[in-house]
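Two complexes follow with chain A in common, the first pairing it with chain B and the second with chain C.
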Partner chain A sequence: MSAATTVVIVPCSGIGKTYGTVSREAAYELVEELRPQDTRLVALARLVLGDAAALDEIASHPAITIDGCKLACATKMVGECGGQVAQSVDVLDAYRRHRSLKPQGIAVLNENGLALARTMAEELAVVVDAQNTASQQEVQHA
Partner chain B sequence: MPDLPQRKVGIVACSGEELSEGTVSRLAALKVLEELRPADTVTICLPLFLAGGEGDRAFARFYPTITLDGCALRCAARGTEQYSGKPAVSLVVNELCAAAGLEQPAGRRQLDAAGQRAVDLTAERTVQAVDELLGKSWSRRSGEFLESLAADPGLPVLGDNPAASSAAAAQTAPAPVAEVATCACGSGIPVQTVEVAGEQVTLVALPLIFAQQYADGKRPQNLEPGALLELVRIYNPLPAEAEAAYRQSIAAAYAVYCASQEADG
Partner chain C sequence: MADELEVTVDKFVFRVAADRLYSPEGLWVQAAGDQVRVGLTDFLQQRSGDVAFAELKPAGTSLKAGDELAVIETIKVDISLYAPVTGVIAAVNPALENQPELINLDPYGEGWLVLIDPANWEAEKASLRTPQVYFTLMKGQAEAEVGSA
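Let's turn to the complex of A and B:
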């Protein structure tokens, strides 16, 4: 891996419940707003299909998975594809830690849902930074 | 009557988070599921074909399925066929837009106006397909359409076949474990784990079969031998050499089910 490590972000693909939407919103917030230079979104559907480019991205970069439920499809898929999961987070766990941010809505999240996603993204930005710091230290020691 | 999803159509969206067209596929699916045909459609998220269990992988055999893909990779259509069953209809958002002369959508997180039009168009085409599929007969044994229901006596019209069970076997049967695989898309076909010859075996749709049989007045003492097994076989591959053991375990589990229903009053 190079000094400027790209972290792959893999959210849940669930479409029928709020937590899936929060996971996706957190991923977009992280990739588009907070760490656009350091992260890249990979769609879970491409991993299901075994798309070569997606598998290569997973194999070449650490991944952060954001799951919408305990079935943990994103984390399982990255693992099965041979990827290294640097951090896996679950929306329900995040909600338990931030009880005031009860998410609602599926196609469109309520304000609390957006705030929960933003909070998760901020927490994950720290993980991305840590990955970069570790990578830079590896290069310096090499 | 149990809520057997015989007359429903499955929708599988690629939900591709990387592309605007993926967002269109997801929102179009939601529009059909929640607004346009809520009583006629169900969904599952694509990754569950791998990350889930047998109940999830049975999805496209259980329901004639429409896949909604954002792009030519057709992850939903190919993934569904590879892991579950061949989709009845495959729609691709960017192809629909091109054919209708619509601008390509933009804004994967927040769709632009063209994206909203693409959602409407994709949902409209999906509804057309749903309505067409509901008018056809579907075999869950083969995961294909039939020309007529009467042509296949093995159709999963649960309750048509009388079934047998062994009341004596019920006395030694372990309590069945009922499960429903669920995910963030809230779907999943009910499964139940039973013990067959000392092994724990998960059988797809067993709770539905039991509920339908019970609702039809079938009880362990008036079922014909082998019929429950035939219903179970529609949804589950059963090894020929273990048929007797399966027959006994399923009959025993059904006796336990009936007893629990009667106890519940």
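Let's turn to the complex of A and C:
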């Protein structure tokens, strides 16, 4: 495992599902807005297809998986590919913690759905920071 | 777990426990001493999706058959569940407050909803479906839903 600070983010690929959309919005928020220097997005479909570059990303960096339902496809696929899941979260658990943010909509989320995605991204940014800190400490002790 | 009836419809497997009775709407009722235990069928929980919250009427609530017993919020829908028998809620499943997913994980076991002191069990149980009758009903519902998907 590389000591580089990049964390790979793998969201649910469920199209046409509200919670899948929330997972991807959370991933975009995290990768594009909150921690663009520290994270990289990998589409679950690329792992399913065996895309060499995606598999290399998974093999080289810790992953945060964001699942849209209890099938946990993102988490299972990263594991199947031999990756290290540093943290797995799912939208349903996040909604249970933030009940006022009931997501609705599919192609376009309602405000609550977007807010839930943002909240998840903020929580995961803390996980990314912890991963970075741990990686830096490993380098210092090496 | 007692014997089960099982059917595969498309990629879905639906189970019906053979040791209890059923409402046509998809609740099971099982005698437990002088009380009856109530829960969701495997078909209803699968059709409804992952449960986010289960709001049950509290212990002590008097219900007539057909009164609202609980509201289940899933990732797909909010559904009202109606009492299959008349009586007083003796206990609600305390585990569901923190683990509503038990309804999905173990619908015929740890995911039970309530215990009811039935007021008219002998008469009302005659209106419930046997496992085989419910199985046939459920199989038709499942095939219709999958076929229309």
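Everything that follows uses one rule, which is that the second predicted complex is superposed on the first by the 138 of 142 C-alpha atoms of A that agree within 3 Å, B and C clash if a C-alpha of one lies under 4 Å from a C-alpha of the other, contacts with A are read in each partner's own complex, and residues count from 1 in each chain.
One rule holds in what follows: a residue touches a chain if its C-beta (ideal position, glycine included) is under 8 Å from a C-beta of that chain, and two chains touch if they have at least 3 such contacts.
If you're wondering where the values come from, they're calculated on a predicted model, not measured in any experiment.
> After lining up the shared chain so the two structures overlap, which partner does A:Ala74 touch, if you call chain B first and chain C second: first, second, both or neither?
A:Ala74 contacts chain B only, not chain C.
> When both complexes are superposed, which of chain B and chain C contacts more residues belonging to chain A?
Counting contacted residues of chain A, the larger count belongs to B.
> Please work out whether A:Tyr28 is in contact with chain B alone, chain C alone, both, or neither, and reply first, second, both or neither.
A:Tyr28 contacts chain B only, not chain C.
> Kindly classify A:Ile15 by the partners it touches after superposition: chain B alone (first), chain C alone (second), both, or neither?
It touches chain B, and chain C stays clear.
> So in the superposed three-chain picture, is A:Val85 touching just chain B, just chain C, both, or none of them (first/second/both/neither)?
A:Val85 sits against neither chain B nor chain C.
> Per the contact definition in the header, classify A:Ala134: touching chain B only (first), chain C only (second), both, or neither.
In the superposition, A:Ala134 contacts neither chain B nor chain C.
> Return first, second, both or neither, reflecting whether A:Ala115 touches chain B, chain C, both chains, or no partner chain.
neither
> With the two structures laid over each other on chain A, which partner does A:Arg96 touch: chain B (first), chain C (second), both, or neither?
second
> Both chain B and chain C contact which residues of chain A?
Dual-contact residues (chain A): 17, 19, 69.
> Across the complex, what residues on chain A touch chain B?
11-17, 19-20, 23-25, 27-28, 32, 41-49, 51, 67-69, 71-74, 76-77, 80, 106-107
> What part of chain C is in contact with chain A in the complex they form?
49-50, 52-53, 75, 100-101, 104
> Across the complex, what residues on chain B touch chain A?
13-19, 22, 26-27, 29-30, 33-34, 43, 45-52, 73, 75-76, 78-79, 82-83, 108-109, 181-187
> Which residues of chain A touch chain C in their complex?
The touching residues are 17-19, 69-70, 92, 95-96, 99.
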